[in-house]
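Below you'll find a set of structures to go through.
Shared chain: subunit A. Partners: subunit B in the first complex, subunit C in the second.
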Partner chain A sequence: MDIRSQISMVFHLDKCIGCHTCSIACKNIWTDRKGAEYMWWNNVETKPGTGYPGKWEDQDIYKGGWEKSGNGIKLKGAGKKKGLSNIFHNPHMPVIDDYYEPFTYKYLDLIESPASDDQPTARPVSLITGKPMDIKMGPNWDDDLSGTPDYARNDPNLKNLSPAEQQAMFQLERMAFFYLPRICNHCLNPGCVASCPSGAMYKRGEDGIVLINQEVCRAWRMCITACPYKKAYYNWHSGKSEKCILCYPRIEAGYAPACMHSCVGRIRYLGVILYDADRIHETASAPENELVDRQMDMLLDPFDPEVIESAKKNGIADSTIKAAQSSPIYKFVKKWGMALPLHAEFRTLPMLFYVPPMLPVMASLTEVDNSAQAEKLGDIAKYWPDKWLYDTSTEELWGTIDQARMPIEYMASLFSAGDTEKVKVRLKKLLAVRIYRRWKTVGDISEEKANQVLSDVGLTQELAEEIYYLTSLAKFDDRFVVPAAHREQAIEMIENAGDRKGSTGFGFKEGTAKRGL
Partner chain B sequence: MTSLNSFLFIAFPYIAFSVLVIGATYRYKSSGYKVSSLSSQFLEGKKVFWGIVPFHFGIILLFIGHLVVFLFPEAVLRWNSDPVRLVLHEGIGFTFGISVLLGLTILIVRRWFNPRLKMVTNRMDVVIEVVLLSQIILGCWIALGYRWGSSWFASDLSPYLWSLVKLSPNIEAVSALPDVIKLHIVGAFLILFLIPFTRLVHFLVAPFHYIFRPYQVVMWYWDKKQIREPSTPWQITRPRNN
Partner chain C sequence: MITGFPKKWRVPALGVLTVVIWLGPTRHVMAAETGQQIFQGSCVACHTIGGGRLVGPDLAGVHDRRTQAWLEKFVKSSQSMVKSGDPDAIAVFEKFSKIVMPDSSALSDAQIKAVLGHIKGAGTVGASSESEKPSVSEEPVVAASKEDILLGQLLFQGKTRFENAGPTCISCHNVTNDAVIGGGVLAKELTTVFSKMGGTGVRAILGAAPFPVMETAYKGKPLTEKEIIALVAFLQDADEQHAYHQPRDYGMGLLISGFIGAGILFAFYSVLWLRRRKDSVNQKIYDRQVKST
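Our next item is the complex of A and B:
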């Protein structure tokens, strides 16, 4: 057993409102630079949709991730043989038009144009060439199913669905979508690291954050192909690849990453998880239907004395073990079994988990008498005299999931390598907690019924309360359990503390980069 | 004339080589950030294929070809003693010369006419394009007009280059060569000279070490297990990656 710690994340999709605040926070801090304008280390996609870059999930186009090869795995579009033989021209590399050409507007024209019969306009100009351009695509132009024939219908996840099922998804009254925020998954078996010919990419041993050393990156461009999530980006100005750094300067200082800190829906959770590094290769090579379960098995119980002992033997700090014990990730992923990795079939063992959205819930409109409610309202409250109830209850307890508005196959294609059962189990848990809470707060469900749904999915009232708390009420420190980076030892990370003894000072270790940054 | 010859074929080679060694080392040591070629495939990914692939494969083969004749002149002369093998040898060389010429032309035209690529082209890129293009045109011209290059390279130029290596330059044979060939030789040293100042540095860091390294790279700030060993806290060496 070789225990390592990994900073891991859970995104609770039920709570995502698709506001892009995370994307903006990230952009303002990290990618508001020349050559990085088109990069969104954090982006939010509407699903169904093609995403960013277009159709990134379709590995027949982009050749990202790993694939089975005999008993082991190999990189699909990179690796030692393919990478080095395609080093002059990488045939599977996306170009800027697959993302979008970055643009701005000539706002100054509005002020400086000479007087004329027509209003001046701010023409769009390219941020690459500076010349006027026609904007064809922007970072979130597929939001909320806009341009549906272009975006939603081209979603690669629809390929498992029959034409009839696809048709049903786009009928107006059944139309449904949800948001999928994405950042780098900081995988346990990262394709990008494995594909980097110059060895510039690495995974940090202490917290598992995957980084690119800008001093060593030589623009061989293989990581861009090898990352199946397309979360390694090429900076066309500096000639270096860049990616999400999980705000490691913030993490080391004990803060939550900017995207997570700013999240309006509070959908994001971050914490440490302990895993067995000896099992990485074996797990990544597992048959497709076992990938998710095997990955869950790799994640270890931080309360197990044996795990704690081997963790300590591996030099994992006591504070990190403590953080792992109160990690919200461990609860969502392992203890409650409510979260799933995105596209496990890419075999990179992503460490960002998603709680699937309850969106497939069927709903009906029924006519009711709302006047009793209206009487309770105060004098100044606005009152709409409508008689409709958006009703999500059904006679049968699990009926809502079985008659899901969005095919479960679609969710399974995203989160469980096509296994609908795994998605269903998790959705049922979400629904069970909801039914339980409805008994508690509204009371139109009997206690027996509430207990029955909980026991159906293997939950108890205590667990349901815990889930409810962490989902709905959790405070900042419950959602982000950042392990101490031990700043008091930080100097030892850079140099021998003995050298610093008796001296102090300011300044840079070396000069700032001359090019690009 | 003799003084010009002495400069071009004695002083300049040594200058070029020193600049290459010192310049490339300095550039690498001062900032690894600048030791690469600025790939433009991201801004234009289709046409680049037709230029960059023939160019690179061609220039690598030509480089190896020139190197082999320089290192093993006798073996090359022996191989060339049979006319069929000689023509085969020269034919292969010339084919790759043409592939470099075509590839480079496509790359230059592509860079010239694409407004996006103009934004990532600097002055030294233009300089090196002109130098490389002239050098390859001269090379093809010599291959056609002054036959058979591989043989007289082996018998005349290889001894000259070796005399440079041995620090006792002998430029008798070189001084007698036609101007076209002289220009090609000077061009070669000029390219060496320019390497540290241009994107050509990228071939010095060709990633052969990738073949021997395990796929995954995990880096630790510090060996935590060693920190916990009470007998060693003051003897731990600096971490490798910082």
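Our next item is the complex of A and C:
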């Protein structure tokens, strides 16, 4: 057992309101620079939709992530052999038009234009060329546009759905969508790190944050192809690649990352999780239908004395173990089993988990044989030669899940490598807590029924209360359990702290000329 | 306040004043540029006054041989006189190895007169004035060292840069020599320049080029003494050896092989980039969008 700690995340999609505050917080801090204008380390997508960059989930286009190869796995579009043969012309990278051409507006024209018969306008200007441009696309161009032929119907997740189901999804009265906020998953088996020819990418030992060393990066851009989530970006100005750093300077200081701190819907949770690094290869090579379960198995119980002992042997601090014990991630992912990784089939073992969203219920459309009925119609009767049966009834307790407007297959394609059962279990737990709380607060449901739904999904009243608390009432410190970084100890690995004693504090600085003073 | 000056004259007066101030220094400079200075600047590379023959004839006592009008015309444009069949002009041209004396289009008539006046004066005063005499002592031809020839060859081809960053010779000139592949055709072929002009002449031209294009090219970037010696050594060597040198003439072959090479490269890259994504996933959407321009 090789126990390591990972800072992991849960995004509770049922609470996301799609306000993009997280994206703006991140942009303001990290990517409001030359060469980084087009980057959104954090972005929020409307699903179904093609996302940002367009169709990023379609690995036939971008060749990201891992694929099975014999007993093991290999990178789909990068790696030693492919990387070397493509090193000067990496053919599968997204182009700027797959993202969008970043722009701003000439706002000053609004106040500085001379008086004239017409209102002054603020023309859009490209942030790449600096010239006036036609805006063609944005990072959330398809925001709230479910059902559009260009975006929603081109969602790569629809490929497992039959044409009838796809058609049904986009009926006007059935139309539904939800938001999918995305940041770097800080995977356990990151394709980007494996693909880097320069060795510039690494996964931090102490907390598993995946970073690019800007000094070492040589702009081969293999990480951009290799990351199936397209969360590594190339800065055309600095000539280096960049990615989400999980605000590690904030984490080290004990703060939550900016996107999480600013989250209006309080959908984001962050905490430590302990995992067994020996099982990474075996888990990533598992058959597709076992991927999610195996990944869950890798995550360990921080209360298990055996786990604690081996963790300590591996140099994991007591404070980190304590943080792992109160981690909201452990609760959502392991204890309650309510969250799932995004696209486990990419085999990178992402460490950002999503609680799938409950969606509005609607009648289902099924394909039936209407010919017998059509024959009974008279000659002058209005007749539609279709085969759809429009059914709105729901008698069963869990009917709202089976008949959700968004087909469960669609959710399964996103969160469980196509296994609808895993999504269903998690949605049922969400619904069970709702029904339980409805009995408690509204009272129009009997206690018997509430208890029944809870036991159906393996929950108790106490657990339901816990889930309710962390979902709806949780305070800042409940949502973000950031382990101490112990920088005071880390610094001792680099320099002797005793050398500094007596040399800092009040007085004159030496070598200030270099600082440009 | 000065009230005497009529208001309506103020602007024209200011204009006149401006013109006077503006012209003042220019006229002053022009007046100050004496015949001697012009001679030093433009003529001294090829001519002396009583110092013996360089590239062109010694001009001491030239007024005894030719009329003032003839001289003025010749200085202005020697070639047009040769072409028009002036027997004296042709004779001089033939005598001095058919080296063209560049037209002095930059000099005004007054300046030409000033130069000629200077030549006349200096010539009659006697060829003793030391400052006028370039050091044209007929030094015995020293056999140039192998190092000098090699350095000259490198300098000529631009493989070694000139110290003052002047342009390399090969960009305009060619020399028939095995070491040199295809020099420029913009200016004179220099294979036999040494026997035509002699060491002193070549050295003088390299020191202060009398040809307008060359003069501009090397303005502010003069060759150093060492470079001149090396280049002269190389040109001398090239002149002596040119009968034995037969540099390969690639002719059209060079151009054709260039095209073939480019074709091969294009084919190679189109195979290499065969799998490259041709356009954005959003291209269909972009194609449909209305553009403002």
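Here, the second predicted complex is superposed on the first by the 442 of 517 C-alpha atoms of A that agree within 3 Å, B and C clash if a C-alpha of one lies under 4 Å from a C-alpha of the other, contacts with A are read in each partner's own complex, and residues count from 1 in each chain.
As a convention for this text, contacts are C-beta pairs under 8 Å (C-beta built on N, C-alpha and C of every residue); 3 or more make two chains touch, one makes a residue touch a chain.
Since this is a predicted model, take the numbers as computed values, not measurements.
Colleague: After the subunit A overlay, clash or fit between subunit B and subunit C?
Modeller: The answer is clash.
Colleague: In the overlay, work out which of subunit B or subunit C sits against more residues of subunit A.
Modeller: In the superposed model, B touches more residues of subunit A.
Colleague: Determine, under the contact definition given at the top, whether A:137 touches first (subunit B), second (subunit C), both, or neither.
Modeller: second
Colleague: Pick one for A:201: touches subunit B only (first), subunit C only (second), both, or neither.
Modeller: A:201: touches subunit B, not subunit C.
Colleague: Looking at A:254 after the superposition, I want to know if it touches subunit B, subunit C, both of them or none. Which is it: first, second, both, neither?
Modeller: Neither subunit B nor subunit C is touched by A:254.
Colleague: Touch test for A:217: subunit B only (first), subunit C only (second), both, or neither?
Modeller: first
Colleague: Identify the partner contact of A:72: answer first if only subunit B is touched, second if only subunit C is, both if each is, neither if none is.
Modeller: A:72 sits against neither subunit B nor subunit C.
Colleague: Kindly classify A:458 by the partners it touches after superposition: subunit B alone (first), subunit C alone (second), both, or neither?
Modeller: neither
Colleague: Using the superposition on chain A described above, determine whether A:61 touches subunit B (first), subunit C (second), both, or neither.
Modeller: second
Colleague: Check whether A:95 is in contact with subunit B, with subunit C, with both or with neither, and answer first, second, both or neither.
Modeller: Both: A:95 reaches subunit B and subunit C.
Colleague: Which of the two partners, first being subunit B and second being subunit C, lies in contact with A:83: first, second, both, or neither?
Modeller: After superposition on chain A, A:83 lies in contact with subunit B alone.
Colleague: Quick check on my understanding: which residues of subunit A belong to both its subunit B contact set and its subunit C contact set?
Modeller: 89, 91, 93, 95
Colleague: If we count contacts the way the header does, which residues on subunit B are in touch with subunit A in the complex?
Modeller: Result: residues 31-45, 48-49, 52-53, 55-57, 115-116, 118-120, 202, 205, 207, 209-211, 213, 215-225, 227-228, 234, 236-239, 241-242 of subunit B touch subunit A.
Colleague: Mind pulling up the subunit A residues that touch subunit C in the complex?
Modeller: Residues in contact with subunit C: 50, 53-55, 61, 89, 91-93, 95, 97-98, 134, 136-137, 150.
Colleague: Over in the complex, which subunit C residues touch subunit A? Could you list them?
Modeller: Going through subunit C, the ones touching subunit A are 272-273, 275-277, 279-286, 289, 291-293.
Colleague: What does subunit A use to touch subunit B in their complex?
Modeller: By the definition above, subunit A touches subunit B via 79-80, 83-84, 87-91, 93-96, 128-131, 189-190, 193-194, 196-199, 201-206, 214-221, 234, 236-237, 239-240, 280, 313-317, 492-496, 498, 511, 513-516.
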